[in-house]
């Protein structure tokens, strides 16, 4: 079987991770999974939210959003509608939770890092690209804090990446593009650490309920994908950050 | 190992499904998973939302909410805050999606059924109780439509139920109560059809990421739980609905 | 004249007051006036709102709301609409004001009690049932504070109950059910203390303005009703509270 | 006993009704009860709200609001806060209901009249001044419709006015100014038709519950006040409307 | 060319400035530009917003709004819609900025003055009337503070006034009324200090873009108008403030 | 005098206009004024808003927004706050008005084009960059319509661009960067057509009011800048649009 863009079933789309895309943010990444393009900005502030003060522990949170014309047809701005949709909130919570899984709050100290993931263009897999890119921006923000001597030890205990998998016409496929996503019977997003453990597994039968065997094949496929993404993250982080006004 | 309420690891809390708890709703259930108590009301209206008109297809949706003092300490009303929280939206979407997995829209015809799941008391597992109870209320609403000759054939193709599983102190446990839930390393909600297939799998590492072996043990435990809940639903539905002003 | 449910003009519907319906709340009552069913939960918190701090005085407030399918046809959730309707606010204010009429703030000390009155099923008289039930829940919350030695003396100076009266087909009737309520020319809600004095009188000509004579007959009818409700409250409070996890 | 402004117990403050205060509105009145000053504008539109279409019946509704510096200390704008307070909604509903009590919808035909009552300055009794002034603006709007041949017969079946009464230091007083209002034990607003019947009676024990005898004395006092206000309305309406761009 | 109301091209409408129109506000003005009528209230509070505390500097801000029936046809209340429109915000910001241009914050000390400009009737030029009237109310508020010894020196360094100009049928006109405004090709609002310098220049081509020559003619016209308004402000301020309960 | 980035007083920052930056939008431009980076997307929809239907005329509108970390320190999302700020609304209105000045609605026919201008990075002049870039995206959207034969004749009658000017330390400067902007006494935004006429002139004295001579020098400087931007737009539009999935 050939996929709409010529990939094999277990092949990721071209992944591109551009660090330092913004001049102001302490960490910033433009991450691309094929045509999906997400701008991830990490903002550092001293101190933590009120409910966490004087705990000695840091905090990491995330917000996900989509530009109105990221998609095929324009959607209304949530700021104009005056309320955030359920999908946006759900993904924001997911991104935050995924990143927090690799944070050592005590090492981070009473600092807060907010990850803004804004989808500039959407072609499926925006939440998984957001998690994968946000991790890299988070590393740069932590390095920024390290440079200022504001963290005590290793604030990140592992890397984290995410990928979507799904069953299209009975076949398990890795990293669905939009066209595949709308045709999928089952859609699953998997978040894994660099050492291959699960942080989140979210599988949904969009049409037909799925059995254990299919579920197992999806889990295996996602492990392959996350491992490859972890390597792409490591490569990007091994390079020098381009010079900028703040660097 | 003994659990806080004396159960074994693979034991559900006492499940109680009371049909016809409300006089007005076309279907209504008070479902109890131990101390967790959710009122599920199914409301039938002729016609479907605008985007679905003239399709010949029906629609099923759900809203989940919690009374302010369902929990240990009072929480503010979302109506007073003027916005619905991310958690509420996420669960409403989950309940709706889960029920829709067993609906045959063509058989339902252009009718809409809204499932309101209001948590009167919360002790863990409110979303899984809501799905399990809402299915029974949905059946009663469909029977109401059948009684009026408004459906063509079998509007529900299977039953659906849900249960939570989690890893507490390294051990996989079925149907976590609140006290267990807050201590769990991993928390997973599984929605399954009566024939044992998955509709939704949502696992989250609250603390420690989990490996494939633990994930497998949780999936098995949840299959046991859902099968037992499917039996409890069937038993409840086999009884006569108590007489009421509308029945 | 016979009423739709066979009652005489000055007869209340069956009143049922179930204390301790919830496990977490410091006071809780399921109150039923015929088919009208309101869940009243009293939540105690130490301290008072900012504007009242360091006054040595306590505070009591209330929130009233209706589940979407409490009524004959489903109504939209106020949380989903993003704003609370005028009727909801008006009744919340009325319930709070009515309860405060019997509170001795100095005796209560700097404690706050919030009364949540959620209508599970509506068949007329929801606000009067809410006041009548909330008073009983309030007593249990005060007893809870007394048990902890947190009040100084008698925090409640009297009991308070409420009833609706109205003119239907020219005849004054006590405790209108929904069917009578929609047909009433005049609708009046009266809140009285246990010693027979008025806390609130709210009469509205829904169709025909009413003269002084009719007004007088309604006031007398309501006094009868409130007295009977005060007896029902006293009886309920004379019984032992069922054992629960917090008691 | 002398009152703070030298009045006797049963004396109204000076009442001033200025018709045609605005150039655009079909009816407009600046009504003054002493220092309380309310601008009432009646706006006519052809047609009725959707739920009333093709009924042949008209509609009358009202909105009440206060300018931020109408009061002694500035209050925040409800438009800025993004939500309307309970008090505002309650009074808007009261004003609308009071006016509708004297409207013959069939005679009005499918026309809508909205009464905007904006408090420019507040010194107690703003809602009763609003009702009293809005009635006069409503008459001018109906006359405007009559002049265009858009009503069939008598669209207003009687006049309507309103006054506050209260018990201050044990004595029943008519038409409370702000200083008296804050000291009152009981506060009552009464709306009456020109023929002396009640449209609304709203009495609240602000401090001490009140007995039947005090209630009777308040009802009598309010009847006196409303009769005098009806005369002031009739006098104002007997004069020629000042010429304006629309007249 | 004659204008719709008989004025010459460089003639203002009759300007009327009534000070002390409200009893409570520290400064208040009813300003009229022909039929345009704006009520400006200045409210003084001790202290400044949080972000300005302990700076020794004062603060001045403004809010602009329109009553629903100020205009020819009724518009919905922004409080009811739950959000403030862009036009309202834009003008509120303009009024505040214009007044702040003549304030010496150090002399004002840590006091805040809020200017509420409520349009009671609109016939073009509401924002310029608001600025012109608000300045006078601001002077009275500053005098009130001076009377209490709460300012150090001269808190206002100059006067400020505003006027609209526009090009109608190719001719530059001063102080457009509504009928002229809707026909204008270009509409410009100019805010100037008493010494003839610019605070704000806002010109917009409503239809045809305008060239530099037309722009110059508009700027000259506006200087004439603002000078005349500055004289009217001075005259009003030269008179005694009418006695009132607070004065 | 040398500027912070070495420019002369009448020199623009490097301007870069990248067309076809997005795959889905009918027109899209990434515009850069130095470090200021704005993504402009033009979305075409058939039909016009309700109030314009059956007029045969088209419609063009714009929305401006800033990503949370476009600026030096992170700002909260307006979607999260639930309301759009005054600045955002003001600029959205300005961008839309500026573009509409060059649109021939009859030629456009009943089509709507929405311009989304999202600031990815802000370093002063975001609104003028947005207008300048949005015009280019608008041209591409019109060309797209032309390619489908959906416009009748010339839908754009001229080009439009915008630039900021200001007085810093007494000297008039063109195209202020952020650091200059915060130090400016006067800040002015000027929108001009390709033939050198004004569409919008908005000058504000941030500190010291400005006299006519300074105003004149700013107007001249802005004419120079807009002419240069018009050339940059023309050059960008003379090139071939890069191939894309929709082209």
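Letters are used for the chains, namely A, B, C, D, E and F, taken in the order the chains are written, and counting of residues starts over at 1 for each.
Following the convention adopted for this analysis, a residue touches a chain if its C-beta (ideal position, glycine included) is under 8 Å from a C-beta of that chain, and two chains touch if they have at least 3 such contacts.
Quick caveat: nothing in here was measured; it's all calculated off a predicted structure.
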item	value
Joint neighbours of chain F and chain A, given as chain labels	none
Chains contacting each of chain B and chain E, listed by label	none
Minimal step count in the chain contact network, chain D to chain E	1
Chain at maximum distance from chain A, centres defined as averaged CA atoms	D
Rounded Å distance between chain A and chain B, as computed from the means of their C-alpha atoms	29
Intercentroid distance (Cα basis), chain F paired with chain C, Å	59
Computed distance of Cα centres, chain F from chain B, in Å	51
Per-residue multi-chain contacts in chain D, two or more chains	82-83
Going round from chain A, first to chain B: chain order	A, B, C, D, E, F
Chain E-touching residues of chain D, taken from the complex the two chains share	22-25, 28, 35, 39, 41, 43, 45, 63, 65, 67-74, 77-80, 82-84, 88, 114, 116, 118, 120-121, 123, 245
Of all residues in chain A, those that touch chain B in their complex	83, 85-86, 89-90, 92-93, 97, 101, 158, 188, 192-193, 195-205, 209-212, 215, 219
